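In what comes next, chain A is part of two complexes: it sits with chain B in the first one and with chain C in the second one.
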Partner chain A sequence: MLGRTLREVSAALKQGQITPTELCQKCLSLIKKTKFLNAYITVSEEVALKQAEESEQRYKNGQSLGDLDGIPVAVKDNFSTSGIETTCASNMLKGYIPPYNATVVQKLLDQGALLMGKTNLDEFAMGSGSTDGVFGPVKNPWSYSKQYREKRKQNPHSKNEDSDWLITGGSSGGSAAAVSAFTCYAALGSDTGGSTRNPAAHCGLVGFKPSYGLVSRHGLIPLVNSMDVPGILTRCVDDAAIVLGALAGPDPKDSTTVHDPINKPFMLPSLADVSKLCIGIPKEYLVPELSSEVRSLWSKAADLFESGGAKVLEVSLPHTSYSIVCYHVLCTSEVASNMARFDGLQYGHRCDIDVSTEAMYAATRREGFNDVVRGRILSGNFFLLKENYENYFVKAQKVRRLIANDFVNAFNSGVDVLLTPTTLSEAVPYLEFIKEDNRTRSAQDDIFTQAVNMAGLPAVSIPVALSNQGLPIGLQFIGRAFCDQQLLTVAKWFEKQVQFPVIQLQELMDYCSAVLENEKLASVSLK
Partner chain B sequence: MAAPMLRWVGRGRRWTFAQVDGGSCHRREAPTGFTSNRIRGQSSVAQQPLYTTQKPRKGEHKWAAVVGLEIHAQISSNSKLFSGSQVRFSAPPNSLVSFFDASLPGTLPVLNRRCVEAAVMTGLALNCHINKKSLFDRKHYFYADLPAGYQITQQRLPIAVNGSLTYGICAGKKQSQVIPKTVRIKQIQLEQDSGKSLHDDLRSQTLIDLNRAGVGLLEVVLEPDLSCGEEAATAVRELQLILQALGTSQANMAEGQLRVDANISVHHPGEPLGVRTEVKNLNSIRFLAKAIDYEIQRQINELENGGEILNETRSFHYQLGCTMSMRDKEGKQDYRFMPEPNLPPLVLYDATSLPADADPQQVINIDQIRETLPELPSVTRERLVQQYGMLLEHSFTLLNEVGLLEFFQNVIKETRAEPKKVTSWVLNTFLGYLKQQNLAVSESPVTPSALAELLDLLDSRTISSAAAKQVFEEMWKREGKTPGQIVSEKQLELMEDRGALEQLCHSMMEAHPQVVMDLKEGNPRAINKLIGLVRKATQNRADPAMIKEILEKKLSS
Partner chain C sequence: MWSRLVWLGLRAPLGGRQGFTSKADPQGSGRITAQVIEHLERLALVDFGSREAVARLEKAIAFADRLRAVDTDGVEPMESVLEDRCLYLRSDNVVEGNCADELLQNSHRVVEEYFVAPPGNISLPKRDEQEPFPHS
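Showing the complex of A and B:
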């Protein structure tokens, strides 16, 4: 039951094959078993069980709220959840319990979803590995999959050490690990430069970033307001569409949501053929750093469309290479501004120093933020200085416009959807990953995903195949603004063609048991 | 410490003035007369007064002051600029604070339509160009009562620009001439108010009240066209009247709904502008004038003594009557302005640009707001002058005193007396009593109806005007008595009995033969003495004209 998709388990609930409470308990027990993945910061067991009980009552009364009623979901710990600690994986917000729900969280709850907990991330979503949060790194469930383990055994060079576990990617790595390890059926991530799509690719999931303005950001603790969107992580495209259907729509609390009616619910037709489609392949995305495996899968995917009757065109997005540096200026500037509110006065961490308000601010912020956050605040404030504003911020805004125009031009040339890699390669081991600093990693890892956020377009990463190492590789589809449904329809056709394998976690379960045994022994010996 | 004496030089004459209420720093040459239409482009810079030091030397050392104002007017609205919290003065601390106001992470601003309408209305009333598209920016600084660490304002593209404010400066021998002046308005921007910090020095704590945090403000930026405290005070008073007439702000300075910062510099005319200081903490119009004049003289003295003016923020100390450097703001602030990413551009429409299918709830139509503009103070004054034949300066007084115009109009409504008579009674007698006892119109013991009744008695010649004064005094002292009651109690009715009056005149002439002699010897003015004596004997009940007629008749016979 746990390995099923959201749509399948929803049908099972409706048919009474399983009750919401049973489902909830199974997920909770798996959350406990997979605790070592560090996917969750907070497990909201009581809340989830109570919600399950209510859902069960609704099913009994024949008053189900829809596809999401009784479905366990997880939410990245940078969405406000009323009464549940929301930390952003930062010392600054440890112990902060918001008094309100983010609009997306409220919408999930209104649809009857069960909130299993809050998932781990890089501090304030700044990172691409889910390694830089105050609660420690998230481990990729695929590290413990049968597929990966067997490949490793075949490789004489690989050391079969537990320290060789892989990163999930980030910053929504906790959400990705939670869905990938079957502890829930869908999870919310956030996506500012690729933070949903990147871990989705590394964890073999569908990672969807909706059009900017389609889904409310109210309650999402911001990284870059002008690029942030709530992201959706699921096991298949249809599931993502169901969740999007629940979340999309204007929100009076977020003035950047659009009022234009968009077809709801997001039912995705099954395309019989793709002969009317035009797929664009941006040539600038073929970079030397791209792994040969990803490149070959990308090219196979293009062939797949071509053989399906679609027109496949090479297109140019000439300003792509400026995206990273442009993003750096805009992101850090908004970070500097958004982080100004964390001063220890109204909420969150406050230091003990009270000689003056200024000293209190300084020490609070020093203690509350990690090096990555502080570094970005410092850069951002530099770019916003009066003497620098024109040379950095304004220029970056202009470049952003050029990047957005690149996409407009590509779509105006008749292309329906762009097909690109999501990441340079499959997930790397943690020890490998931390050889470079956060900034370098973010710059490398966001290369294919970031420009989409600049342009506010919808994009989705679809798992395609396993690499030679037995690890998932994803490809990205980019659609026209507010053509999210079309984008997902194309992705669904593709998903059907590639038949990505399900993660085999028996190894993981065995490992869990072993870890649990060890923990028990440890706790016994401590007594 | 009193405001220092300033000397004013112009056209070879020199005045001194100590304070705004008494003196004026304006040229008292013949005014061109108040023209009713607004005078655009007439900058008062051209006729700015010149200052000298206390020991003027020949030819040189003439100083001109340049004053610009930044005025923050709290928008009168039910809820805050970007949140649904109520706006109310003197509510219990932190009782009107939404999640957004406390800057809880993840909250977003939602623009209050009413505040935008108020800004457009104010912009139109101040002859501004209303920008069809305006933008919001973040202005960053750390302060305990600024929870987000930034204020949302309109730095790059404000909602209204390039306006003007015309005000009248009183001049002439009795301050009875009104010289029109115009100050240009650079811009009007929408922005958030901050919270309030209350410093408990005893426990060295700062207490924060966020009730005010996020309340909508209109920042009205005036060009530096002003040249002295009185001009600034009069311009601000006019703005206050306009805001109150529009209802866009209660503009009560004592409650902080209108706050003024002044930028002040001095220079020699023809030379580049001097270094300016900013004076804050000006919480009444009187202190505004005082602070500016003090600061001008301080700068002149400083420069004359070889010192230099620092570009600094100063605070006006109203007890000492002087400005002082605010040391804590010495560090140069870089506000690191940035576009507010959570608010789309504010787009306004007019009749021509309004899309046909626009939802009226979602759009703001400038032309529609223009149609709802109420009568502005300048028009009200014109109307008063035309309708009631009063002098322009009287119309200024009527508008300047809170509630006086309404009082006047209520009296007019209920009395048969001539408007000129009403004007005279309201402005001289009534206002005089108020001033003497330092009362507001609303605190007056005399109601408009009572005064109307009194003026009716006067109009119907039931009482003499001297008796009317007496009745008024009684009315003031003994609240609740109607003029009719007082007149009959005190027997103040006009003496209609001509025979009795003739008798009285006769005996008065007999009792004062010396005066009669004077008269007969060719001093006609001596008759006034007799008239006075007769009036006194009648307790002011007799008509002086009748007395005079009787006396003259008797004298000539």
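Showing the complex of A and C:
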């Protein structure tokens, strides 16, 4: 049951094959078993069970709210949830309990979804590995999959220990791990530079970034206001469309949402054939750092569309090599501004110094933020200094326009959807990943994903195949602004063609039992 | 077939194109003087904490310097991707509020309905009055 799609489970709930409470309890039990993945910061058990009860009542009375009624979901811990601690994986907000729900959370609850908990992330969503939060790194469930473990056994040099577990990617790694390990059917992430698509690719999931302005950002603790969007992580494209249908739409509390009429619900047609489609392949995305496996899958995907009758064109996005630099400047500048609200006065951590407001703020912020966040704030402030403003910030804004125009030009040349890699390679081991600092890693890992945020376009990462090591590799589709439905339709066709394998987690379950046994033994010996 | 084009792309000379992740990041430009450090710390109310942090900032600036190579003559800065659209404003009616208690609950220091702050007219001590990088 836990491995089914959202639509299948929803049907099962309607037919009474399973009750919301049973479903909820199964998920909660699995969350406990997979605790070592560190995907969840807060598990809202009581809240979920209460919601499950209410959902059960509705089903009994034949008044289900829709496809999401009774469905367990998880939410990244930078979305405000009323009455449930929201930390952004930072000391600054430890213990902070928002008095309101983010609009997207409210919409999910209004549809009857069950909130399983808040998932782990990089501190304040800054990072590409989900390794830099104060609650520790998130482990990729694929580290424990049969597919990966079997390949490793073949390698005589590999140690069969837990020390070489893989990262999930970031920054919505907790959400990705939660969905990938079957503890929920969908999870909310946020996407500022690829934070939903990156972990989706590393965890073998569908990671969808909507067009900027389609989904409300109210309640999403902001990183970069002009680029943030809530993202959706699911195990298949149809599920992502169902969730998007619930979330999309104007919000009076977020003035950056658009008020155009949108086709709701997002029922995706099944594309019979792709012969009317034109796929664009941006040539500048072929970089030397791209792993040969990803390159080969990218090429095969293009072939797939071609043999399906679609037109496949090479396009040029000439400013691609500057886009990561531009993103870096704009991101740090906006971060410097957004993080200024954390002063310890009205919410969040507060230090003990009482000498003056400035001393209090400085100490609070030193204690509350980790190095990554502080580094970005300082960089951002540097770029915003009077003497640097024109040369860095305004310059980056101009380059942003050039990048956005590149996309417009590509789409105007008749292309419907662009096809690119999502990441440079499959997930790497944690010990490898931490050899470089956060900024360097982000600059490397966000390469294919951040330009999309700068242009505000919709994009989705679809899992394609397993690498030679048995790990997921995903490819990214980019659509025109507000053509999210078309994008998902193409993605759905592609998903059907590639038939990505289901993760086999029996080894995970065995590992869980082993861990639990050890814990029991340890607790016995402590007594 | 498509794969042929990709193969050709790989064989094209890569010289003259900067890698995305330049392994040889230029060393610090030396623009981060003690004065700049102090200025930034005062503006950001966040401290560097260590020499590594200063080095990281220098690398970040060197990275950002690559933008100089782009020709942006005549290009307008882009603030938002929704710049061509109308901003919708709510009507000016009060529909929610009266939640002072809830909001005050999140603060550490509250007196009646006030957030309590330390005195605001004392500026941060200068760097030479503090230890350099007490947390390195």
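Just so we're on the same page, the second predicted complex is superposed on the first by the 527 of 527 C-alpha atoms of A that agree within 3 Å, B and C clash if a C-alpha of one lies under 4 Å from a C-alpha of the other, contacts with A are read in each partner's own complex, and residues count from 1 in each chain.
Following the convention adopted for this analysis, a contact is a pair of C-beta atoms (placed from the backbone, for glycine too) under 8 Å apart; a residue touches a chain by one contact, two chains touch by 3 or more.
Fair warning: this is a prediction, and the values are worked out from it, not measured in the lab.
**Q** Of the two partner chains, chain B (first) and chain C (second), which one does A:Q346 touch, if any: first, second, both, or neither?
**A** It touches chain B and chain C both.
**Q** Mind working out whether A:T256 is in touch with chain B, chain C, both or neither, as first, second, both or neither?
**A** In the superposition, A:T256 contacts both chain B and chain C.
**Q** So in the superposed three-chain picture, is A:I97 touching just chain B, just chain C, both, or none of them (first/second/both/neither)?
**A** In the superposed model, A:I97 contacts chain C only, not chain B.
**Q** Taking the superposition on A as described, I'd like to know which of chain B and chain C A:Y361 touches: first, second, both or neither.
**A** Once the two structures are laid over each other on A, A:Y361 reaches both partners.
**Q** Of the partners chain B and chain C, which touch A:N381 in the superposed model: first, second, both, neither?
**A** both
**Q** If you tally the residues of chain A touched by each partner, is the higher count for chain B or for chain C?
**A** C
**Q** In the superposed arrangement, does A:R217 touch chain B (first), chain C (second), both or neither?
**A** first
**Q** In the superposed arrangement, does A:S226 touch chain B (first), chain C (second), both or neither?
**A** both
**Q** Thinking of the overlay built on chain A, is A:A336 touched by chain B (first), by chain C (second), by both, or by neither?
**A** both
**Q** Report, in rising order, the residues of chain A that make contact with chain B in one complex and with chain C in the other.
**A** Overlap of chain B and chain C footprints on chain A: residues 96, 99, 226, 252, 255-256, 259, 336, 343, 345-347, 357-358, 361, 381, 385.
**Q** In their complex, what parts of chain C are in touch with chain A?
**A** Counting only chain C, the residues touching chain A are 1-3, 5-6, 9-10, 14, 17-21, 36, 39-41, 43-49, 53, 56-57, 59-61, 63-64, 66-70, 72, 75-82, 85, 87-90, 99, 102-103, 105-109, 115, 117-125, 135.
**Q** Touching residues of chain B toward chain A in the complex: what are they?
**A** Interface residues on the chain B side: 99, 102-111, 138, 140, 142, 144, 147-150, 206, 208, 334-338, 341-344, 362.
**Q** Contact residues on chain A for chain C in the complex?
**A** That would be residues 96-97, 99, 212-213, 226, 250, 252, 255-256, 258-259, 281, 283, 286-289, 295, 298-300, 302-303, 306, 312, 314, 319, 321-322, 324-326, 328-329, 332, 336, 343-348, 350, 353-362, 365-366, 369, 371, 374-375, 377-379, 381-383, 385, 391-392, 394-402, 404, 437, 439-440, 443-444, 447, 454-456, 481 of chain A.
**Q** Hey, which residues of chain A end up touching chain B in the complex?
**A** Within the complex, chain A touches chain B at residues 79-80, 86, 88, 93, 96, 98-100, 102, 217-222, 224-226, 252-256, 259, 333-334, 336-337, 339-343, 345-347, 357-358, 361, 381, 384-386, 389, 393.
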